[in-house]
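By written order: A, B, C and D. Residues from 1 in each chain.
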Amino acid sequence: MAVGGPVMTVPELEAFLEREFPQIYLHGRIWHVEALGPGTARMRMDYHESQLRPGGTISGPAMMTLADLAMYVVILGAIGPVGLAVTTNLNINFLRKPEPGPLFAETRLLKLGKRLAVGEVTLMGQGHDDPVAHVTATYSIPPR
Amino acid sequence: MAVGGPVMTVPELEAFLEREFPQIYLHGRIWHVEALGPGTARMRMDYHESQLRPGGTISGPAMMTLADLAMYVVILGAIGPVGLAVTTNLNINFLRKPEPGPLFAETRLLKLGKRLAVGEVTLMGQGHDDPVAHVTATYSIPPR
Amino acid sequence: MAVGGPVMTVPELEAFLEREFPQIYLHGRIWHVEALGPGTARMRMDYHESQLRPGGTISGPAMMTLADLAMYVVILGAIGPVGLAVTTNLNINFLRKPEPGPLFAETRLLKLGKRLAVGEVTLMGQGHDDPVAHVTATYSIPPR
Amino acid sequence: MAVGGPVMTVPELEAFLEREFPQIYLHGRIWHVEALGPGTARMRMDYHESQLRPGGTISGPAMMTLADLAMYVVILGAIGPVGLAVTTNLNINFLRKPEPGPLFAETRLLKLGKRLAVGEVTLMGQGHDDPVAHVTATYSIPPR
């Protein structure tokens, strides 16, 4: 898509998140931006005990949290620090039970419009080819 | 829909959750089943600091977590304690920024099939008529 | 929700649809607005042979078409004739196979914002209490 | 994913569709399977007048119909002719207005389970790189 950039570096983006959203680090620095590209981002979530479920699998809400954050990150990377972007819709299909361990979110913008950004997020476990979940999400972005 | 019951009482259901999913109470007893009816449930989430976002609003992931749990609760109420029911799809539309305070999840089963249960969850703030979010979700349920 | 109106009558709305969207009547006058209320609408689809599938059931695409049109109708009823409103997201859960016969769409606006309108549509067969499908949809609406 | 095949050839698959779903060809042979791969399919829709909307754009319901059919086709290609597979959920994000002309559906299975198949469909216009819509869908498949 017609997305240049990214307009932020990974350290700039992580510093923005830690400054604006300290609450998400309450359980430690479990969120990591691993890569930013033009309309793409790769994040890693190091799971915390509170995110586990019986059998040692990662909880669904933890996967939704990672996907929602990954979408925000790919938008920030494309348009710069915008505190006011908000999720309007998120749809997730859970595909396989993830094993304990880090989860990776491969994110791709499908559209970056004046008012709405739409993207998809594929969640993968470490060393696995099959996705554990697939997400599409829409953010409302403030006029630039 | 052709749902009788509920087949569990509120105390039985809350005891099941605390025994099977202790992780969700890591931040205290913030989840409460307020009512169970035939194919319906009402839950309350007492927000925790980690669920707040700038401006004091409740985070989107906290709302998704409440909706997912509320769907599980209405299914448990309808078919009894089933540890193996898992979410296969969840779609959420965020409608308004909730103010800090408890969130309520009014849940209704749309279908209780042999293999799939589908329901909708309307999230409301205290003393507000307008929903803050609306969710539809599908659970895969084990053969009975 | 804070929706007054409706600001159009049923005949005005049906006349608008026939004038602006003649293509949807290619198979005859199968679309009917049965009622408009404040943020609500009820539509009826009289099925056409092309909408049937093996076993005489109504096709999924026919149900999606009805739901999408019903959402457009409830928005028109709330804000007046706006040719430029477009669907941005539609999520449908198919619940039961409908029998041949008219389908009814009970539609309710969940949010009518400056830029986005969100609603839900419950599709029912004639004389049945259980929904055959449930839809949530978002429309982007032009500045007023 | 663990999908071999395809187990049907393109001519076998198109013959199956024409035999089992004659209604979808009421407007002529507008549906074409262009390619089948392991867990992938490419379809083409040649638009019919009834699928146009003001400004000559392809209607949303026509796009939903193509996506639903493309998902069915990729499942048939993977597991063979199964008349009983039914859509349980479909989520579509409309991204750009397509111009008149054929639409292409690039489809990929995300999961092929015992009971559910989940896939994504990207809809593209001819000679355009940006998708006009993105769909995820779930089918319930009969026991094999």
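Quick note on the criterion: a residue touches a chain if its C-beta (ideal position, glycine included) is under 8 Å from a C-beta of that chain, and two chains touch if they have at least 3 such contacts.
Predicted model only: the values in this text are computed from it and were never measured.
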item	value
Centroid-based (C-alpha) most distant chain relative to subunit C	A
C-D or B-C - the one linked by more C-beta pairs in contact	C-D
CA centroid of subunit C to CA centroid of subunit D, Å	23
Approximate Å spacing (C-alpha centroids) for the pair subunit A, subunit C	34
Averaged-CA centre spacing for the pair subunit C and subunit B, given as whole angstrom	28
Shared-contact residues (touching 2 or more other chains) in subunit B	88-89, 91, 93, 138
Pairwise touch network: line, ring, star, complete, or other	complete
Subunit C to subunit D touching residues, read off their complex	20-21, 23, 26-27, 49-54, 59-61, 64-65, 68, 83, 86-94, 97
Residue ranges of subunit A touching subunit D (in the complex, touch as defined)	1-2, 91, 93, 95-96, 110-111, 118, 120, 129-131, 134, 136, 138
Of all residues in subunit C, those that touch subunit A in their complex	88-89, 91, 115-116, 138, 140
